[in-house]
Amino acid sequence: MASQLQQRIPVAVLGATGMVGQRFIELLHNHPWFELVGLAASEQHGGRPYGEVARWRLPESDMPASVASLPVVACRPEALPGVRVVFSALPGEVAGEIEEAFARAGVAVFSNAKNHRMAPDVPLLIPEVNADHVAAIQEQRQRREWPGFIITNANCSATPLVMALKPLQQAFGIKKAILTTLQAISGAGYPGLPSYDIVDNVIPYIGGEEEKLERETRKMLGTWEEGRGFVDAPLAVSAHCTRVPTREGHLECVSIELERQATPEDIIAVWTNYQPEPQQLKLPTAPAHPLIYRYEEDRPQTVRDRNAGRGMTATIGRLRPCPILSYKFVVLGHNTIRGAAGGSVLNAELCVQKGLL
Amino acid sequence: MASQLQQRIPVAVLGATGMVGQRFIELLHNHPWFELVGLAASEQHGGRPYGEVARWRLPESDMPASVASLPVVACRPEALPGVRVVFSALPGEVAGEIEEAFARAGVAVFSNAKNHRMAPDVPLLIPEVNADHVAAIQEQRQRREWPGFIITNANCSATPLVMALKPLQQAFGIKKAILTTLQAISGAGYPGLPSYDIVDNVIPYIGGEEEKLERETRKMLGTWEEGRGFVDAPLAVSAHCTRVPTREGHLECVSIELERQATPEDIIAVWTNYQPEPQQLKLPTAPAHPLIYRYEEDRPQTVRDRNAGRGMTATIGRLRPCPILSYKFVVLGHNTIRGAAGGSVLNAELCVQKGLL
Amino acid sequence: MASQLQQRIPVAVLGATGMVGQRFIELLHNHPWFELVGLAASEQHGGRPYGEVARWRLPESDMPASVASLPVVACRPEALPGVRVVFSALPGEVAGEIEEAFARAGVAVFSNAKNHRMAPDVPLLIPEVNADHVAAIQEQRQRREWPGFIITNANCSATPLVMALKPLQQAFGIKKAILTTLQAISGAGYPGLPSYDIVDNVIPYIGGEEEKLERETRKMLGTWEEGRGFVDAPLAVSAHCTRVPTREGHLECVSIELERQATPEDIIAVWTNYQPEPQQLKLPTAPAHPLIYRYEEDRPQTVRDRNAGRGMTATIGRLRPCPILSYKFVVLGHNTIRGAAGGSVLNAELCVQKGLL
Amino acid sequence: MASQLQQRIPVAVLGATGMVGQRFIELLHNHPWFELVGLAASEQHGGRPYGEVARWRLPESDMPASVASLPVVACRPEALPGVRVVFSALPGEVAGEIEEAFARAGVAVFSNAKNHRMAPDVPLLIPEVNADHVAAIQEQRQRREWPGFIITNANCSATPLVMALKPLQQAFGIKKAILTTLQAISGAGYPGLPSYDIVDNVIPYIGGEEEKLERETRKMLGTWEEGRGFVDAPLAVSAHCTRVPTREGHLECVSIELERQATPEDIIAVWTNYQPEPQQLKLPTAPAHPLIYRYEEDRPQTVRDRNAGRGMTATIGRLRPCPILSYKFVVLGHNTIRGAAGGSVLNAELCVQKGLL
């Protein structure tokens, strides 16, 4: 068991120079179970120290001194000997083959990339939502003859939605969800969105985002069934995705239709009392409360609530009846922590506890 | 007829020092039909010149020199002798009684305040949408024994929605609309929203706004029937209203359910060809196109499209199927021009053409 | 000595509902030497619990639960029996008399208000800069016959400037400083600056700020001489103060003329090695490094460096020759922590160590 | 003379797809003297229509329909036959050789690039400041044996400074100027500054900008002397350049030392009465007032004053004594109009009037 780990598991970050890569470094620095021993990015860096090739972008921290001296190697298994886990912040253009090469070489891959998310044998995992989807790994390894495996985390806008929906699905069933997202600029990576495009502006379009959100939500709220594979939840999802001038934090206005009747008190109780596996296991990166409900009429707000639970909690508010579906509410999640790097670190922690590492 | 007006109609602005009041001044300055001869605000100004008591807030213009020397009088009919039309930018706390006093004194009141919007004999008017609701004035005058009358314009977030829905309602029928608004800070007036509350933030709540939006939409899309009064449109509306850090322009993400089938091409054609009464009459403040459809995948955008048609056009884009209702799209309108002062000026122009002034 | 304090000193916050008042609460919550037992604000709150009368504005934290239940009493000594220290975040309109009443009642007052800053017997204190000015308290008590006393902290824009200048003054002498400040919106308090005034804008004027900055700098860099009182430093200061759309952190572009020659290396060494009394005493709120020099060409930056040393460190960068004076550089400080509440808490800690409490 | 131009002069824009290129198009569209007949950019566009290869970035306008169908050709003289004037918005990496090729081919080049600004025979021209520097063209043509010529406009931050200083230099002499600039994001071009770098931030560094500002100011305020060439003004300039989150408009806080005494009234009169050659000639792009002085204590402001004189006026305010130099003041100019495209168009208009085209 993790708590008896004799020594920390050696891990590496792929795509270590980008914004999500830096979040991985920030979260893995001084992690109780994982020891960050390797950094990989594009070949051009040729093994030079991270402190030389990367500029630190995260305003909340400085580059950890121990990381500055690590060489930035190529994204190849042989360049990272001894590494048992990699966290991938690679861009979609290259993530597919690189991640597979690591899995083939026996490494456990926890990926933030979109490439394998919808594969029929790859878990799209949020430990508070679908921890049982980890079972797909066995089939993944058999089919692909990999000693390692790949687990993905969800799109940053799908994550808080699914966290809010899961306990409702369990308690009351959900038939429909229509939502509009108001997403922060960090979601576009770095350099990402030109400042001239977003100061004093809203852009009501993020390429591919609505499709991802709709599709991933159904997979995560669905089931893994032996012999059948992943079965989507019978849930209709319709998303409008927009970009707004905020630094971090995706806020979402959601209308849902429940299968069974529930009072607002019922719903809030279900959210407030939600204590799934990661919280019971007290995984290091799991927040004490995966969901917080705020009773103030104007919460959650992006700047005030994005750091709840060190960025791992989804904050909900404004539950009220919807004149068209059953209820409407607002949910907010930190997009580069819970919605990206933090999500994958929590996935890896779950796998440690399940004996997969 | 207006085009043969021998001389311009003397008008005044109530609440002339606030942000909407200043928009009224901006739009009435050099207006072909109206001559701005009076400014009124709270009693405390005691007739001092506007240039002394007011600070100009609008960045697009300077205070017109002719206005700077006008005295700021109290909001009483006797303080504005000879004025036949008043444009009211008064706050809701005082608008009710003041506006009635002017109507009682024989003045035509065009109001941006919320107080009388839902009254059973007061038109909630957008000339492109429900010009026929002007018929309610006859009953209003009879019932209230007023020589003057009151006509209101709609809430700034209801306005672009209703403009986009009206031609669809005519052509295909509408059963439901779920929307999320992303509203600019100027919608909160001046001083309005503290900067510390909105820089790097989204506030998913605007007091009373969702109720107003849902209610006013049904009234405006409804009918005026002799003997029955206003009959709401049989339309379910569900709104999420949010405030985002933009200066001007309310952007709205809308999902709708139509009564009859329509292709995207049908819908866009209906929007693009929409030329209702104000455009046919070529009212001075009416834009050539009340609705513009942008085919780019990422339009309308707040900073790029808010000034379309000098702030009087609603810009639409991103029409696509909705997995839950029939279609989804984005619409944007300028909140302090079309959604406030410009809307009321257009209402007054319509009344001139209809011989009511 | 503080480290042997048997029990914590009971303290209260005056002006507890405003933004600086909330920073005081945040910093005093769980303070090792001070126990927050009282909250005071305007009479109107009539003893109701803080959690009822105040809305928490700080995005980095929630209202501490222990504080929510404290009654908000009037700003009178008799309403806060047993309190030995008050931290004043009162507005200038009322701070003068209230603070004096507390000092007269035997309470030590640590004030963020401007009222007494320039009084000839009141220290304007930054412990890293002029800890010896505390000596003025003896005269203050004698002259005024107060059992308590008043110590003020400096204006938020003067604070980082003076921190950067002090070690240079000691080492090389300073004759002139010309600077432009780029100040955050939180410096204007709450509600403070209307958002419509600052989104996409710079306002090159802050009422009274330039005078305060110029005057306070000379007092703080001056001396306290027995029999003569405060003697201003013979330093010419010229300030341009501007407001920019950032939440927290005042950034300042400074040109200085030194009395004696110094190389850039000399100057940076003096800054980097600066370890004055608060650091030697390891006062709880003192940062390990009062000054940090960043070698990157584009630092300090507001969003990246404002939280250095938990908001108590001033960050300096871009030292380079000035074609007109000797050198130019950039300095940044957190305006509501180091430049306001944190500064006063550190002042109180210094007084504990000096045996004044 | 221009007013008798029988037909408009055919002109082209080099670098037509970027932000300054689009400002050129906006200003040349419907220009009374120039007819925009050609657009050039990188070879890759291969003659495809502008409407296909370029996305319009300017929020104040849409792409002119007549421009959308123009082919985007390579930046070579032979690709633009018949063009007598080119406006260059090319990046510095390629502008040097391309602009020389056009001058060699007999074309008059008006450039916004930095490459030739400091050349000893190239005017760095602001018509209101140094119209007589045009005399250098004769030497330029002789030395280089060019039938055409190159004239440059100044850096966007040097432009408003020099406009404010010129009449003071004439009237009172200037010895020193220390300034801090607060520059808009559009100054970095497109895509330019990543949004994650500037939302809620100030960056106190713009590569090369301080040196350009200091150097160009001395050249523009200097003289052209036959036989000696350009002689720098004997003026010390020290600049701090910063980037702030505004869209357009560079605001500058300036302290100056005059050679001769002057009262504030003297100085304001000199600014207000300034009517140099472009205003006397009534050049089409020249604003009625090149300098406007605002008496309000908090003006100029970026969002309110940047569009003064359609973006061609520099707005000044807050003149007051400086405790170190003689006076301090604030000046604001539109960086992509007066400080870039508009400046070059005005330069070309001056050359038309001087018979050089």
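Things worth noting here:
Lettered A, B, C and D in written order, each chain numbered from 1.
Everything that follows uses one rule, which is that a residue touches a chain if its C-beta (ideal position, glycine included) is under 8 Å from a C-beta of that chain, and two chains touch if they have at least 3 such contacts.
Just so it is clear, the model here is predicted, and its values are computed rather than measured.
Interface comparison, A-D against C-D: more C-beta pairs in contact at C-D. Distance from the chain C centre to the chain D centre is 43 Å, each centre being the mean of its Cα atoms.
Chain centres here are Cα means. That of chain A falls 41 Å from that of chain C. Rounded to whole angstrom units, the spacing between the C-alpha centres of chain A and chain D is 48. Counting partner chains per residue, chain C shows two or more touched chains at residues 199-200, 245-247, 303-304.
Judged by the touch criterion defined above, the protein chains are all mutually in contact, each touching every other.
Listing the residues of chain C that touch chain B in their complex gives 19, 57, 185-186, 188, 190-200, 245-247.
Interface residues of chain A facing chain B in the complex, by the touch rule stated above, are 176, 178, 180, 182, 200-205, 207, 214, 236-238, 240, 242, 244-247, 251, 253, 255, 297-298, 300-304, 317-318, 322-325, 328, 330.
Chain contact summary for the complex, chain B toward chain D: residues 59-60, 199-200, 247, 303-304, 307.
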